[in-house]
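We just call them A, B, C and D in the order they show up, numbering each chain from 1.
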Amino acid sequence: MKLWGGRFSGKQDEFMRKFNDSFSFDQRLYAVDIQGSIAYANALSNAGLLGKDELANIIKGLLCIKKEFDQGVFEPGFEDEDIHTAIERRLTELIGEAAGKLHTGRSRNDQVALDLRLYAIIVIEQVHDALTALQTAIIKKAEVNLEIIMPGYTHLQPAQPILFSHWLMSYFWMFDRDRDRLTDCKRRTAVSPLGAGALAGNPFLIDRAQLAEELGMPSVTLNSMDAVSDRDFVAELLFTIALISIHISRLAEDVIIYSNPSFGYLSIDEMYTTGSSLMPQKRNPDSLELARGKTGRAISSLVNLLVILKGLPSTYNKDLQEDKEPLFDSADTILLTLPVITGVVDTMQPHPDLMAANLDETMLATDMADYLVEQGLPFRQAHQIVGQVVRLAEERQVGFSTLPLPDLQRISAYFGPDVKEIFDFQRSVSKRSGIGGTAPETVVQQIAVAKQKINDLPK
Amino acid sequence: MKLWGGRFSGKQDEFMRKFNDSFSFDQRLYAVDIQGSIAYANALSNAGLLGKDELANIIKGLLCIKKEFDQGVFEPGFEDEDIHTAIERRLTELIGEAAGKLHTGRSRNDQVALDLRLYAIIVIEQVHDALTALQTAIIKKAEVNLEIIMPGYTHLQPAQPILFSHWLMSYFWMFDRDRDRLTDCKRRTAVSPLGAGALAGNPFLIDRAQLAEELGMPSVTLNSMDAVSDRDFVAELLFTIALISIHISRLAEDVIIYSNPSFGYLSIDEMYTTGSSLMPQKRNPDSLELARGKTGRAISSLVNLLVILKGLPSTYNKDLQEDKEPLFDSADTILLTLPVITGVVDTMQPHPDLMAANLDETMLATDMADYLVEQGLPFRQAHQIVGQVVRLAEERQVGFSTLPLPDLQRISAYFGPDVKEIFDFQRSVSKRSGIGGTAPETVVQQIAVAKQKINDLPK
Amino acid sequence: MKLWGGRFSGKQDEFMRKFNDSFSFDQRLYAVDIQGSIAYANALSNAGLLGKDELANIIKGLLCIKKEFDQGVFEPGFEDEDIHTAIERRLTELIGEAAGKLHTGRSRNDQVALDLRLYAIIVIEQVHDALTALQTAIIKKAEVNLEIIMPGYTHLQPAQPILFSHWLMSYFWMFDRDRDRLTDCKRRTAVSPLGAGALAGNPFLIDRAQLAEELGMPSVTLNSMDAVSDRDFVAELLFTIALISIHISRLAEDVIIYSNPSFGYLSIDEMYTTGSSLMPQKRNPDSLELARGKTGRAISSLVNLLVILKGLPSTYNKDLQEDKEPLFDSADTILLTLPVITGVVDTMQPHPDLMAANLDETMLATDMADYLVEQGLPFRQAHQIVGQVVRLAEERQVGFSTLPLPDLQRISAYFGPDVKEIFDFQRSVSKRSGIGGTAPETVVQQIAVAKQKINDLPK
Amino acid sequence: MKLWGGRFSGKQDEFMRKFNDSFSFDQRLYAVDIQGSIAYANALSNAGLLGKDELANIIKGLLCIKKEFDQGVFEPGFEDEDIHTAIERRLTELIGEAAGKLHTGRSRNDQVALDLRLYAIIVIEQVHDALTALQTAIIKKAEVNLEIIMPGYTHLQPAQPILFSHWLMSYFWMFDRDRDRLTDCKRRTAVSPLGAGALAGNPFLIDRAQLAEELGMPSVTLNSMDAVSDRDFVAELLFTIALISIHISRLAEDVIIYSNPSFGYLSIDEMYTTGSSLMPQKRNPDSLELARGKTGRAISSLVNLLVILKGLPSTYNKDLQEDKEPLFDSADTILLTLPVITGVVDTMQPHPDLMAANLDETMLATDMADYLVEQGLPFRQAHQIVGQVVRLAEERQVGFSTLPLPDLQRISAYFGPDVKEIFDFQRSVSKRSGIGGTAPETVVQQIAVAKQKINDLPK
């Protein structure tokens, strides 16, 4: 039984059936579909379109179907083209023709729009929680390794000494922005389209606002034609997930490089590595490589939906059936990736000795320039002078700190004996004590703010 | 003079120079760069790192440079690799070595991050205003054509009668969500990174919060390593523009189809059409086709940045120099597209007669099913029955409304003589009077809400 | 049993296991994996590394495993992280430790590279055949409807009369280029990487060329490091499929528009349409809308792989595990879409009467300009003059052909009484008789060339 | 003067003009446009539509315009919406109304399709040559550093020793496939669309085959409707450039990592690095970072065009005007990137000592397993055993080669005293002597084949 059979003679091409049907993937909407149908049944009843007994039967039938899905015993029929058809078909089997009343004034167009919004809200909440768990792991790891100094890089070239905890916390804020974006996205998702009908609105006097409230949605769509084809909320969620994935890919890149033995700054726990089928000594950071690779997937799911939407005529077009798989794939992928990365962060071991071994004195060149600034030189000249000092040390193939004072003074008279004080990585780090800087006490404050943000979340 | 010359011997490959330099495109940041530099000079002065006279000279010099750019007389030097270098070079020419003090504790990394944020805020505000203008045109056109009935489509097949004004207003809400997203994006953009230095923070005691306030930014970044490489705000803006572009592409598709003579629902004003070099009779909707085509551009600018960011190591990497052109191109394109589309909407003429001519009675099939529901039939059966009625009319090749009552009653005993009342497009439209429906009084309310939203905007 | 367990203590995070394992999707490579393993076993035997009995046992075991998969009875083990592990584990169960000899000198890196190439070749051949079937349907439909005249559009505005068969054949050539690209792609795919080892090559004296020959591959990779990470062939195939999908989307767009009742040029067979859950009269071209929507998917699979590859370090990285799902999804999707579209083309019905009804005389404006050219006017002036004629008819709201000769002559003295001859759509079409033009005899030739191309394909 | 003005009253919105006009970017097509026009003029003359003098005048005028462009003195008119209009306008100024004859039977639709093909062919040839130069630099650098051993990585973890020359040559083959793809793309590009008219073909008896030949194109399009909207060749070229860019991004990633001082395998010449505005010691690999970042651009240009093409109705639509900028940007970018990367490769210095210092004995674990295989153990068991050996060394924190034989023999009786021979990186490398392996004499052969390929190119 198709929902729309009346006008049709009934033949369907076998390829077409497979091409058209979405039950194989949209069945995961069963719980939200049933949630929406119960709310709609209540609305119909309030509007006098369903008798009390009919309402009770419909709800009982729907809950029974939900249980069948929950327990994995729902039996799909050959003609169940989608989850909506499947549930209506089964409801008819269970309660008879009264099932057909449930769809009074409702179209699959507003029904599926609602389902997808309800589903997206669940995804948003789950991703939000998985992000919070990762942020918590970051804070914890940063706190217990607060004062380890490591080489900081720009352009992957040694730049300035920084705290390991500062490096790690830099990711906290990326994920914090992601959570912020999720919250905005949720607000725009929690708007009920139910009552938009196929495109023109609902001719029966159902109370859309009350319906929305029952579904936990603060507001309703204000134009039925827009309501049935708006997929902005899916695009926005896919974009948000893509950015999360990109942030993870950057963390992965750092950790992959830092755990290469020539760096050796970090060990990834064996649990998050795998070996080689050929090379017995191998322990590869597969978890992080996969997480990095899966960024392609997240970006492409977003591209997929944007391409679908481009140039689509008004209201519902069947192209929109293709909105679900990218959402499901992006959601599943990020909800698997986040706990893995959380585990990696939670279990990874920093190696302060190897970090220290890679601290090069030339990373203090900026401190030397700052020293000259304090002696009164404009920064740009100080920079030029220190550049010459670095070159000199390089030409002589000696350490930057070992150049005798007279040699320095030949380059600039501003150098005094106290210039030696700058050759201290601890001092360099401590001086960056403005808000957001890498000085230990500043990082302590940073972590305190971060903890507060997490603690302030509604439990 | 390169800013970083001290350590270098000075040769540079000619291709490399062209490859590396960004002045040709980043010079448009001059005003925000100077705005940021003036604020930073004040901060340095407050921190005791600039004397009063030095401060005055620096500000005077910077304003002079701004004027040179404003008037188009700024002369770039051969070694001006970017806008920051160009301005510093020129400032040195104008005020001498004190210019070199401006860069105390500041890196191009935090400087360019600030510039881009200031620039993005301007773009956000301009796009916001251009959207508002388009929304205003939509409201105006809907109001003066409030009660025109036209065929409504789903799947580009006749579905139900709707109001032309309802169709048009469906776009209002898309652009309204876009404005909402812009507002969220702006909040995340207006965060000052100045003071993050190259990656480790600022060792001089500048007041970052006050600096941010001077720049109109309510908050500051809390991790210097994140601050210099965060381009989330660019990605978010590019995404928001891509969605705007997609909404435009859908409107364009509708109008292109509706202005084809087989439809004839709309005429596009000649100003927004062009002709053919070969075919003298042609008047093509080039404005709308271009707008639709430019969606590729908006989506691809987003993809560009996301690909750049994927897998990038921590902090600043030169890859990030590539963040500007997609932003500039997306901003320029949407800021040109929006007024064109506003003009198209403002000047297009609906043709109620041709709309009416294309209203087919079968678009009232749902009303017939609703009629049967009112007689007590469950909707699903009503749907099946009307399907058979449609088939019968089709087989007989007669109009849907001309089927004699007895024939209808042979299909279902629920049909009575009053079924004839449903053959009234006006009635069909009027019945969809739930919130967001296409009934005239409901559309009036919809427009009222829309007008209020626009009127409530801060002027 | 992991293949790489020796060095590991054995714990693995549960999320990590799920994240890392690929058996759920790469099991579809079983047949090509076994094909590759049999060839490799032969090569090992030829190199004296496997005894005759061992070889026989291995091959027997592998064929048994293949049968288990073919029959759907293969039982995966909990530790089967991928198809290669699963088969090696099972082979060990079946034939004992000799199974461990099969992997002498072979890594999963060269093994999976081979598998994917063998699989891609099968996909290429299947897509090629599905394209040929579609092209054959196009030719057939064009031949039986050879001389129907329809309005030709540019910018979706009436342009010039054309033959329906010419319109349809325009898609033949798009798909022909696609087949050509597939052929090139196949040549670059059929290059054997087996023998590249993990990255450094194979230390045992296996004959790579003979191995390749046994696998039906004309050549071997020449650099082992490149061999294990080259996924160009996947990218190229994904691109080719994306273009096919785009060509289908254009055909779909045309047919969707032409089957809207305001055009009515084409009926889509009921088998390829579906109805509405709400509106009983609906018959929607879902097949074509889905085909158009799935273009997003094809483009995004390509984007997915390109993003994965961007910035990846040399040789194999686990990110590459993500290469399979986009390939599988793209292949499955296009191999389902093509037969559906073939069915749509095969069964669609053109309506010459409605095409004729939409032929507007102004579509002959170019013919009028050509007429003036034949009288000796430069084309550009002829174009200007006819433009004025069109305007005049428009102002008078009369048919283009009904303007009296004197009125025409007032615009240009070049008009003579024979200008009336141009008001003949048949004549207009027939005049475009240069190669590739829409004249009936030219289209006959076009179809003849097309048929020859298909007939010349190796059966 | 617009080409299409006759029917129009003449007003045009200012935004619309700017939105619609393409002269600012398509003027770079001037040379190919003129080349096409000269060929078309000859064809018109051969068909008797141009007198000898007219032909001579047209060609003389066109060559004069070409010279004006070549010398940068061409003065665009306010109404020059595109390069075609500009040239026709100027030609009319130069030779009078005969200029209007040039466009007899030709539309901008077939004209621009031709121009773009001619331009694409030039791009293909230039990119091809730039690739050849890069490949030549690779060969040269590999040859002079043939036998340097370096650590080979998979998953960025130490894998097996390889030759530096082998690593470098791995990129040769990527670029070789790119050249191969360019060649295929060129074949599909060199097909003349001239004579397709606006969409229906050419009504004048011009000889399309001869026209194509004059333009250096071996064949002509066979369907005029396809001819005017086929942009497959642009998509294919954009894809090919995107893959080149990805290959460069991988090389860049390797070199960036290898030139980090913790590795120190390579020095990038100062010419291809830049410094920091803040940190005086810095020398950053900007050339490579930019090249990696520009991959986003190449991928996005491809996405741009694919999105434009998706769902476009038949024949020419103005959306296609957007095809040019992605092509121009991709071409310009890759033609600047390739010489820079060629320069980087040409001038970079390998550091064999630091490579040697990072060779770890565990990279010989596979050789130890191979040793056991030679003693008769199945490889999989050998792998397990060596895994235990590696663990033992790790637990004892001693070098892998220093484990006493008895300890090894306690793990496996297959170990004999000759196992010590495997601790020789040179030997390990030399054993990989199968085709494509890293053994020195094999790499010599690889280079010989590569040189032959380059030498065989037509000069």
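As a working rule, a residue touches a chain if its C-beta (ideal position, glycine included) is under 8 Å from a C-beta of that chain, and two chains touch if they have at least 3 such contacts.
Note that the coordinates shown come from a computational prediction; the quantities given were computed from them, not determined experimentally.
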* Structure fact -> Min route length, chain touch network, chain B to chain D, equals 1
* Structure fact -> By C-beta contact count, A-C versus B-C, the higher one is A-C
* To do: Take the average of all CA coordinates in chain A, do the same for chain C, and state the distance between these two points in whole angstrom.
  => 33
* chain C to chain D: how many Å between their CA centres? -> 23
* List, in ascending order, every residue of chain C touching at least 2 other chains. => 3-8, 103, 109, 153-156, 159-160, 197-198, 257, 275-286, 289, 292, 295-296, 299, 303, 306-307, 310-312, 317-318, 366, 383-387, 390
* Where on chain C does chain D make contact in their complex? -> 3-8, 49, 88, 92, 97-105, 109, 152-156, 159-162, 166-167, 169-174, 177, 180-181, 184, 188, 195-206, 208-209, 220-228, 230, 232, 235-236, 239, 242-243, 246, 249-250, 252-254, 257, 292, 295-296, 299, 302-303, 306-307, 309-318, 366-367, 370, 373, 378-381, 383-388, 390-391, 394, 428-429, 431-439, 442, 446, 449-450
* Note which residues of chain B are touching chain D in the complex, please. => 2-9, 11-13, 15-16, 18-20, 81, 84, 103, 106-109, 197-198, 270-272, 274-287, 289-290, 292-297, 299-301, 303-308, 317-322, 325-326, 336-337, 339-340, 343
* Structure fact -> Note: in the complex, chain D contacts chain A through residues 153-160, 256-257, 260-263, 275-286, 289, 303, 306-307, 310-312, 358, 360, 362-363, 365-366, 368-369, 383-384, 386-387, 389-390, 400
